[in-house]
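Should a chain be cited, it is by its letter among A, B and C, assigned in written order, with residues numbered from 1 in that chain.
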Amino acid sequence: MPASRLAASSGSSMRSWAIKIVLLGLVDALAVFAMFVLFMQESWIVFGVTLAVTIVINWIYLRPGGLPAKYLAPGLLFLAVFQIFVVVYSGYIAFTNYGDGRNGTKADAIENIQLTSLSRVADSPTYRLQVLEQNGSYSFLVTDPDGDVLVGNPDQPLTEVTNAEIDGTGKAISLDGYTTLSFADLLNNQRAITSLSVPFSDDPADGALRTPDGSNAYVYESALEYDEASDTFTDATGLVYRDGGEGAYVNDDGRELIPGWTINVGFDNFVTAFSNDDIRGPLISVTIWTFAFAILSVATTFILGLFLAIVFNKPGMKGKKVYRLIMILPYAFPAFLSGLVWLGLFNQDFGFINQVIFGGAAIPWLTDPWLAKASVLIVNLWLGFPYMFLICTGALQSIPEELTEAATVDGARPWAVFRLIKFPLLLVSVAPLLISSFAFNFNNFNIIYMLTGGGPRDINAGVDAGATDILITLVYKVAFGEGTGRDYGLASAFAILIFIIVATVSIISFRQTKALEELN
Amino acid sequence: MTNPFNPSDGQEIGARLNPAVAGAATTVRDRDEPRETRPSIPERRRRGFGYWFRDTGWRHLIGVVMLVFAAFPLAYVLSASLNPTGTLVGSNTLFRTIDFGNYVELFQLPQQPYAAWFVNTMVIGLTTSLGTVFLGALAAYAFSRMRFTGRRVGLLTLLLVQMFPQLLGVVAIFLLLSGIGEIFPQIGIGTQAGLILVYLGGALGVNTYLMYGFFNTIPVSIDEAAKIDGASHARIFFTIILRLVAPILAVVGLLSFIGTTSEFVIASIVLTSPETQTLAVGLYQFVSQETSTNWTLFSAGAVLAAIPVMALFLYLQKYIIGGLTAGSVK
Amino acid sequence: MKVTRSLLATGAMAASAALLLGACAGEAETADPTTAPETPAASSTLTVWVDADRAGVLEDIAAQFEADRGVAVELVTKDFGAIRDDFITQAPTGNGPDVIVGAHDWLGKLVQNGVVAPLELGDTAGDFQDVAITAMSYEGQTYGLPYSVENIAMVRNTDLVAEAPATFDELIAAGQAAGTEYAFLVGLDPAASDPYHLYPLQASFGAPVFEITADGTYDPTTLALGNEGGEQFATKLAEWGSQGILNTNISGDIAREEFIAGKSPFFLTGPWNIPAIQEGGINYAIDPIPTAGGETASPFVGVQGFFVSSRSENTIAATEFLVNYIGSEEVQTALYEVGGRAPALLSAFEAAQADADVAAFGAVGAEGVPMPNVPAMDVVWSDWGSSQVAIINGQGDPVELWRAMVASIQEKVTAG
């Protein structure tokens, strides 16, 4: 090894070692800070995980060897945090009833039912209010509509007082022995003050005053009373609502109080997914179309993209920069904007395609089942070919010219050179991307929703499935379209099932690709 | 110490090449056309139009057809952007009026700071694409050059993770970022840094594969020659390999930039104040109200938003097209 | 040498490691919000989600509120269409906003999810239009502070037809007599029709969506769509479809362009299209919607307003901000001026009557009913629209299609 080279190398070693120590120190400092916060919050599990991760990171970068981990760790960390988390979260939700009306904890639900069951007694008067404090507890100083002044707190019913200080508008604003709370004081104790209930007398039937805003009090009555001991709500007519075990309080007639709360439901969502008639009925035709759509989308965009990449990979061709530039435009505009334009172009009576290209013909592009399928594929081709064009243009660069030159010298025709030499090589590097593109289109919710919404729907069929519905749009309709609203639990169960299908198909395809790779 | 460099499958293709390492590294960046294939105009004249058409002309024909196919729907957008009272698709008469009022108005709305959105989009897009290229290249290098347990499974997993239907993605991301924000407010909800980190979560995956395939075509003999010279793996990676794979870095960077700048769903959850929002989020507000949509202003905004993508593509084109070919034929 | 190998990766490491740590921490934090430290008083901030148009007006009043009350108001500009669903997902985490702007027909969903708190308007309730307060109520409880009221009406090109027709049949006759390309225009969708715009015609046959209970609210369990009037309406839809009076390929954008081009004397639309019609130089009048089935053709009234989150820790500040600031005539007028929607506050509404168009739409709206705000409406819209498309395009017997639709909606509503 040349001496100069060695010197440079060891010099840069020292520098890189120093940089490494600084960066690692920075990470550790942030980790210690996070652990400190977690310690104060007593979040022990997360504290433990943080500690473990920090140790692992230090171990990876300080130990000798283990080179792959050093290169992979940064990307994998981001992946774990932002992608795996979503998957794990969906997996967790699939086993719950999380969805509209079931999106919080039971404690939140109880609090909310109590909150919404309280209402101002109709046509009851407004009491002007000043909140007072005495020995750390709050009292209401109210001026009734007749100008009488009363004071009271949740433990002591309202009694009339005469020694209160009255302001210019006739409102009592302070009382000896009490501290008058300013608006800022109110803001600091908003929950406590809005939850105060000051009775008129010892008899609860006389009602109680509450304040929603700290400056006015009203007589409130509650339509539902919660009994903590038996965990039930009772309404004014004596009907009892119990925790029915399904994340809501229900009475004997089956009427539920809203909101409910999230509970664990085990495999219920998966059972529903398999037994749902709206899914089972159209399942076969929708599955076939989903595969057809995904495969044809990949095939058309890839063939066009590859063809164009080859066409414009001609050295010395004039203007190819402009062609290339224009061709990536469909990719550079917001897809939903393009979708709307295409929607307009396809309009049966007014669209450019019928009016201008087909001379006024009334071709039902989006409302005929087969034409709608074709339209979706055409738009997806338009949206997707620039991606394939870019990928193929890039991938073509990795194919050594020597190979084609050698073959050409041997007398092979250009088509043969492409088919026998370039294409197999290209396929090895882009096959994984084609599989990934297949998976993307398999779940390409947006294009279907934007153009046809899954339609045209056979209105007589009795199910929501339309001619262009793919699995993911069908699932969306079933999980989010019932009277109960969005059922994230069911949607997640479907997501997992669809993932299993896509992953299986992909893994099988990968095996094929490997075989291909080994051929070369 | 075990040697993680283990030349094996996937590298035979590249091994047939015998490029001069240093030459490749330096010439790649300077030229966008392979030197020896530059057309010789007198020769073309000699052979006449027929030859020219068979050789190059038909490509122009296809180019023009594709130009119409690719650009025609967008002509509606351009036409709408130049018409202060028009709609997006209401009519088949394009370019009835030419008026740049919408473009002027874009920069004069106090509630919709278009200029700020533009800058934000550039910052977020460029940072994310640089980060994606860097993280992806690190991983692709490991997968291509080193042999370790779980390598094949790891490669496959990267791809599979991104196939998961993201029905709940938004909910999960919100929970995650608001949780992070409790400890590090600088990267919580409402911050551009937080958004960039979320985007970097997708850095591995398809991109890694794309790069991995390309890395495999770089002969291992190059690494080994450098190693014999005493270069560390870091040095080999940064100073030699990265230059050789410039085309694919440019492609991944461009794809990532386009993906980031047009991403709407996550950005609209994370970025909360108008000054921090991106073009995709901000522009959508022009048309999201069913009763007061402003298509013409929106179209003008979208036309301007497409310019950076085109500029970046023009800039990167020389790396994408020049690339390895230029070095290998020396 | 061994140590130095890993230098490069370390750079990217710093950020990502910190992130993971933070992230893990975050999960626990959201799971257990009670351990969060109390926020100090001085930093009391009211977070308000608004759409871009509203944000400008609220900026001034927010500054005023901060000056008066010492509470900062953070205005978060959101895409209006995303506010409802984002709010429903974010509020339960405890990290959602304190106040949102929204439409009254979201209310059922918001209440069902327990994310919205009742709002006591106190003695100011009487200062608003009755329809606005009714719309902001759900199961007897008031939830929002309304700021605008809007509805559709029949816009007539006075150069083409001089007199307002009394019935829909007369309208069609007048439209055909005018000799224009279309007798009548309304924006529909090829896949989803537009039950909102067609509702007044349906209502004139005596077929509302749900039965109305004694206290004037909708009973979401009893559909009224399927009554005899509904079936008569379905028959009429098919007839209008076959005559080309209704065309599902005419979208809202196309309808507006054609009306502005003078190709039809009538356009069933709302105040949002009036500025474009004025710019197009059309002489127009805003008429009541003529009846098709004999009864009053009452349109749906849409009300927009502000809601307080049930998870807000700032309820007093939020209530104060809504009732005494956004509820003021000054703010209601300012909101009207920027959005063109008639104010919900009576005094501001009366002042806005100076504008003849607002007065005319308001007169039509006085006959209207609030759009149902029950959660089941999501289901209703979808089936209602696609069945209308099938009927208009003659894809079956109208009455049978209508009955199938009613059965399908009933099934889903019952399942809910």
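Basically, a contact is a pair of C-beta atoms (placed from the backbone, for glycine too) under 8 Å apart; a residue touches a chain by one contact, two chains touch by 3 or more.
As the structure is a prediction and not an experimental result, all values here were calculated from the model.
Asks: Kindly work out which chain lies most centrally, taking the average of its C-alpha atoms as its position.
Replies: Going by the distance between chain centres and the overall C-alpha centre, it is A.
Asks: Once you count every C-beta pair in contact for both, which comes out on top, A-B or B-C?
Replies: Looking at A-B and B-C side by side, A-B shows more C-beta contacts.
Asks: Averaged over CA atoms, how far is the centre of chain A from the centre of chain B? Could you give it in whole Å?
Replies: 24
Asks: With chain centres taken as the means of their Cα atoms, state the distance from chain B to chain C in Å.
Replies: 39
Asks: Spell out, as numbers or ranges, the residues of chain C touching 2 or more other chains.
Replies: Chain C, residues with two or more chain partners: 1-2, 4-9, 12, 16, 18-19, 22-23, 25, 27-29, 36, 89, 251, 253-254.
Asks: Send over the residues of chain B in touch with two or more other chains.
Replies: Each of 1, 88-90, 135, 138, 171, 175-176, 182-184, 197, 200, 232-234, 284 in chain B touches at least two other chains.
Asks: Which residues does chain A have that touch at least 2 chains other than itself?
Replies: Those would be 12-13, 16, 30, 34, 37-38, 64-65, 67, 71, 74-75, 78, 81, 85, 344, 347, 350.
Asks: Give the list of chain B residues in touch with chain A in this complex.
Replies: Chain B reaches chain A through residues 1-2, 4, 9-10, 12-14, 16-17, 33-34, 37-39, 56, 59-60, 62-63, 66-67, 69-71, 73-74, 76-77, 88-90, 92, 135-136, 138-139, 141-142, 146, 148, 151, 154, 156, 158-169, 171-173, 175-176, 182-184, 197-198, 200-206, 208-210, 213-214, 216-217, 229-235, 247-248, 250-251, 254-255, 258, 262, 264, 280, 283-284, 298-299, 302, 305-306, 309-310, 313-314, 317, 320-321, 323-325, 328-329.
Asks: In the complex, go through chain B and note every residue touching chain C.
Replies: Going through chain B, the ones touching chain C are 1, 85, 87-91, 110-112, 131, 134-135, 138, 170-171, 174-184, 187, 189, 197, 200, 232-234, 237-238, 268-269, 272-274, 277, 281, 284-286, 288-292, 295.
Asks: Applying the document's contact rule, which stretches of chain C touch chain B when the two form their complex?
Replies: Where chain C meets chain B, its residues are 1-2, 4-9, 12, 15-16, 18-19, 22-23, 25-30, 36, 51-53, 55-56, 74-82, 86, 89-90, 93, 95, 150, 251, 253-254, 256-257, 270, 272, 276, 279-280, 339-340.
Asks: For chain A, which residues are in contact with chain C within the complex?
Replies: Of all residues in chain A, those touching chain C are 12-13, 16-17, 19-20, 23-24, 26-27, 30-31, 34-35, 37-38, 41-43, 45-47, 49-50, 53-54, 57, 60-62, 64-65, 67, 70-71, 73-75, 77-78, 80-81, 85, 100-101, 103-104, 108-109, 112-113, 115-116, 118-120, 126, 183-184, 186-188, 190-191, 193-194, 212-216, 218, 258-259, 344, 347-350, 366-367, 452-453, 455-457, 459-460, 462, 481-485.
Asks: So in the complex, the part of chain A that touches chain B is made up of which residues?
Replies: 1, 5-6, 9, 12-13, 16, 30, 33-34, 37-38, 64-65, 67-68, 71-72, 74-76, 78-79, 81-87, 89-90, 93, 308, 311-321, 323-338, 340-345, 347, 350-352, 355-356, 382, 386-387, 390-391, 393-395, 397-403, 425, 428-430, 432-433, 435-436, 439-440, 442-443, 472, 476, 488, 491-492, 494-495, 498-499, 502-503, 506-507, 510, 517-518, 520
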